[in-house]
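Scrolling down, you'll hit the structures one after another.
What follows is chain A paired twice: with chain B in the first complex and chain C in the second.
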Partner chain A sequence: MNTVAFAFTGVSIAIVSGSLFAPFYKYKLVRIVLTIFRSIHEIFWAFIFLPVFGLNSVTGIFAIAVPYSAIFAKRFYEIYQSTDLRACNELPRNSSPVLRFLFGALPLLYEEMREFSSYRVECAIRSSAVLGFIGLPTLGFHLESFFNEGKYSQAFAILLLFYVIIGTKKYWLRRKLVPVYFLTSIIFVWGNTHVVWANIVRFFTYDIIPWPMRRDGFINNTKQILWRPSETIDWFFTLLRGEVLPGARDTLILTQITFLLSGVFAILFIGLIVRKINKPLSRKFNRILLLVLRSTPEYIIAYIAIQLWGPSMVPGIVALVLHNSAVVTILTIRNADSLVLPLDVAKGKINCFFFHILPQIYSSFLGNLFYRWEVMVRESSILGVLGIYTLGFYIDSAISDDRMDKVIFLIMFMSIINIVIDSVSNKVRSVLLE
Partner chain B sequence: MTVRYLIFIIAVIFLSVLFIRFKQDESRGAGEKKIQFTAIPDQDESRLTERFSQIALYLSKETGVEFVYIPVKSYAASVAAFKNGEVQLAWFGGLSGVRARRAVAGARAIAQGEEDKQFVTYFIANYRTGLTYSQQLSKELEGRTFTFGSKGSTSGRLMPEYYLRKIFNRTPGKIFKRVGYSGNHSKTIALVQSGSYEIGAVNYRVWEKELKEGKIDLTKVSVIWKTPEYTDYNWTIRPDVTEDFGTDFIDIVQNALLSLENRDILDTFPRKSFIKADNSMYDAILETGLAIGIFDE
Partner chain C sequence: MSSTLSHLNLKNFTFSYPQAENPVLTNINLTFKDGESVALIGPSGAGKSTLLNHLKRKTPQSSMIHQEYLLVPQLSVFHNIFMGRLDKNRTIYNLINLIYPLRKERANVQRTARLLDMDKFIDVQCRKLSGGEQQRVAVSRALYRDSSLCFADEPVSAMDPENGEKTISLLTTGRTTIASMHNTELALKYFDRIVALKNGGIHFDLKPLDVDAGELKELYSE
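And then the complex of A and B:
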């Protein structure tokens, strides 16, 4: 219940603030800030908000709302750009821009915005479930407890419940019911919400200041902040050498292995479910399997895999590959199914697939794979929380040492990596799609 | 028609959930101020809930103020909750206690278990390693896989890491092939017993309790070394409770803990009794933490 409530409130806030930011997305500054917001995973947002708001609903809601706002802003802006807005020209010339937007553009954009929002609700439910692993009262919380104590049947029941919620989305997520859900969610989370202003102030003006600047004040208990440029630079470089670089290296290794294997597996999966060469029954079965893989958050797959094999790169790779190759397959399969094959099609399924189908869908497949690239980096670093030595591992350690200055620094660095990868993947994709 | 019907049903269900929720809030809001307390999640959650719901009842009865246990998922979260004033009292380990008291000026350690004066960590090993108990930590540990408990644990991380560094003169990452953090002591035992890790460091109270409950198979996992003694767990309280509950409230809570004689409750910890503690008893922990770089100096 909390899972859905967090997801709903988070997405609702995100839609509103995302729509507010969307018109300004063309400005560089706004775009940079929103890209940073977007590049930080929900779990890391929760890590940041946890010491600020404490263990209550606000943390969960904001952890979802902040990155999702940025995503909505970007997507809404893209929708706005790609829609044919000539109809607006028919409106009276002296009408205000706001009215023009509301009555001219919005009806044209509405359908696409609605579709995207509904898709994002599903993502938010997934994120919200995962937030349970770090202590918020969602499904992940119980899943982790049961797993930890070896109560696998209960854990499995929770997982099933999760699939039921996601799987039945199209039955319960109806336009008319949205206000009901929204109200329920708000009131549901309202009860356990309290924010202590002093904690927020302390976090932003004290906790995240680099340690060398706080050091003297801390020792003589005046909590004074001194300007210590040379020590701060030392602190900065020690961190860079000791944690950022090894963490970044492992994150990238994990990402690249995942990237390659996901590609290979996705091709295999496409081969297994493409309409032209598979029997309906096996196709259906494989498709369901893929849907399950896609809707299981990779964090949960990795968690389970780590329970089985202990923390190393292997479970991380397995989790990321399974999840991402399923996503890429589902994104690409629509293209593959709509292909028209020539009459003199090669005999044999394998020949047919590799010589007819694959070449035709290859560029869209690569496009989708590169689209997931940036997501993979984000997910690789997150898996560090589970004990694989990626950036997330160092962030988690810094959190358990209560060193928020380090946490912020590491997260900022991670965000930079994400942004670089994101822009590279955008370039590659625009070349591919031409 | 059916769709409409379905929508109606769902709406009704949701509204009734809301209604129940409101009722709960009312009954809760009417009460007086209460103390919320937490604890480091050092072992299985169901056991923690059992332990702390009992002591909450006891403390509520003794002090006349309602005590409510707030479970958390990590050591860091328990410290953060204490630091933010979301909880006023906490059952910390040595390390988390020091961390919390460093963050909240005036916070005091008021009690510890009788056993916490001389706490030790057991190093345990899977039977396939062929290692057996000895007075010294064997050099054969090198190159094996090793798991600590939580990153923020005294007996599962701080002390074992300190002695490993002292004996081998290297960081654990350099001694072992792979170093993990299982999350809690029950988990460490399970992982070493199953062979996921060859060696582990575990809180001796948790080990002995699980041994008594028959959860440990001694043919598969056994103790190979004990660390020297150190001071561990403690009850720590925030100074601002005196504002809400009176100037002598800290003493009242302290006395209630010290005079706890109910065996059932004490066995859940498991401790013989609680004795007086103060902040200076944990100075050695602070020193150790500084030495291995867990604390900033």
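And then the complex of A and C:
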């Protein structure tokens, strides 16, 4: 219940704030800030909000609402840009901009916005479940508890429950029921909401100030902040050499291995489910398997893999490759299934796949793979929380030591990597999909 | 004397697409002789392509030139022609040639491509070619397949007259060819037999010399 309530409240807030930000997305400053917000994973947002709001519903809701607001703002702006809004010109010239939007633009934009929002509810349920791993009372929390207690059947039941929620979405996520869900979610999470303003003020004015500037005040218990430029620069470079660069290196290694293997596996999966060369029964079976892999958050797959093999890069790679190759396959398969092949196409699945199908879907396949590249960096870094030495590992350690200055610094650095990769992947995709 | 291709015989053949109200072909009776070239002519929608596709499905080893070419636009002319014989080689050999065309195969493909002056484009991606050139690649692929039976659906529709004539001459020599043709002049000049289809039925089935202008006029009249 918490999983769905967090997801629903978070997405509702994000839709409203995303809609408010969307008209300003054309301004560079807004775009940069929202890109930074978008590039930080929900778990890291939860890490930031934990010391501010404590371990309660507000942390969970905001961890979803903040990055999702940026995602909605970007997508709504793109939808607005790509819609033919000439009908607005037919409205009376002196009518107010709000009325012009409500009568002229919204009906045209509504369907695409609704579709995207519904898809994002599913993503938010996944994110919400994962937030359980850092202590919030969602499915991930129960999954971890059952695993730790060795109650594997209960853990499996939790996973099944998760699939049921995602798999039955089209039956329960109905337009008319949305207000009911929203109100129920608000009532549900309301009881567990505590906001202490002093914590918020302390976070922004004290906790995130670099340690050398706080050290003396901390030792004397005066909480005084002193300007110590040379020590702060030393602190900066020590952190850069000791944590940021090794963490970034391992994050990128994990990302690139995942990127390559996801491509290889996606090609294999496409070959196993493409209509032209597979029997209907085996195709359906493989497709269901892929849908399960796509629906399972990579964090949960990685968690299970680490329980089986211990913390190393291998379970991380397995989790990210399985999840991402399933996503790329499902994104590409519609294109592959719509191909028309000649009647004298050679017998033999491998010949047909490599000569007729793969070359024709290759650029859309690469486009989808590059689209996941930025997601892979974000996912690689959060797997650090599970003990793999990526940036998330250092962030998690800093959280344990209550060092929010380090946390913010590491998250900002990670955000820069994400933004660079996102812009490179966007450029590559625009060339590929031309 | 040439033998009959019994597996292609059609007796009172009727064909409808699923959920269509009327059949596309009705009571078709046809036999084909080995080595014969047959042109299917008639107005658009008469059922020529449907008949060709049906005959093609009965003979998997045959070659087929599609009206839409159905090339792989991202691959080179070499690869698209080479594809004609994929089932004659081992899969691993095909995959090697997909990644790096071997000299022997390049020479073989080049020889076929030269027949329609496409050898100079051998390394060019098919999507960079004009419509007529793409059609010549599709014909080259069928020729490279070297099947004794070839089906062709409007094989020269995008070609200039010179290449069109050369293509039809190649297709009607040394194999059984069944082709739908809009160009009746070429059909009468190169094919052994003319089968005219109208409204899903056979309007006439004659040797070219027996086809007169009046019959053609009636065939294409509303």
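To be clear about the criterion, the second predicted complex is superposed on the first by the 434 of 434 C-alpha atoms of A that agree within 3 Å, B and C clash if a C-alpha of one lies under 4 Å from a C-alpha of the other, contacts with A are read in each partner's own complex, and residues count from 1 in each chain.
One rule holds for everything that comes next: a residue touches a chain if its C-beta (ideal position, glycine included) is under 8 Å from a C-beta of that chain, and two chains touch if they have at least 3 such contacts.
For clarity, every value in this text was computed on a predicted model and none was experimentally measured.
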Which of chain B and chain C A:Asn351 touches, first, second, both or neither: second
Touching partner for A:Leu50 - first (chain B), second (chain C), both, neither: first
Touching partner for A:Pro280 - first (chain B), second (chain C), both, neither: neither
Contacts of A:Ser312 with chain B and chain C, given as first, second, both or neither: first
Touching partner for A:Pro229 - first (chain B), second (chain C), both, neither: neither
Chain A residues touched - chain C or chain B, whichever exceeds: B
Partner chain in contact with A:Val340 - chain B first, chain C second, else both or neither: second
First (chain B), second (chain C), both or neither touched by A:Ile134: first
Which superposed partner A:Gly150 touches (first chain B, second chain C, both, neither): first
Touch list for chain A against partner chain B, complex: 1, 50-51, 54-55, 133-135, 141, 144-145, 148-150, 171-172, 174, 176-177, 180-181, 183-184, 187-188, 191, 196, 199, 211, 215, 218, 221, 309-312, 387, 396-397, 399-403
Of chain C, residues touching chain A in the complex: 53, 56-57, 60, 62-64, 66, 68, 70, 72-75, 79, 83-84, 86-87, 91, 94-95, 98, 142, 145
Footprint of chain A on chain B - complex, ascending: 3, 6-7, 10-11, 14-15, 17-18, 21-22, 24-25, 44-46, 70, 72-77, 79-81, 83-86, 99, 103, 105, 145, 150-152, 178, 180-181, 183-184, 186-187, 190-191, 196-197, 294-296
Residue ranges of chain A touching chain C (in the complex, touch as defined): 340-344, 346-348, 350-351, 354-356, 359-360, 362-363
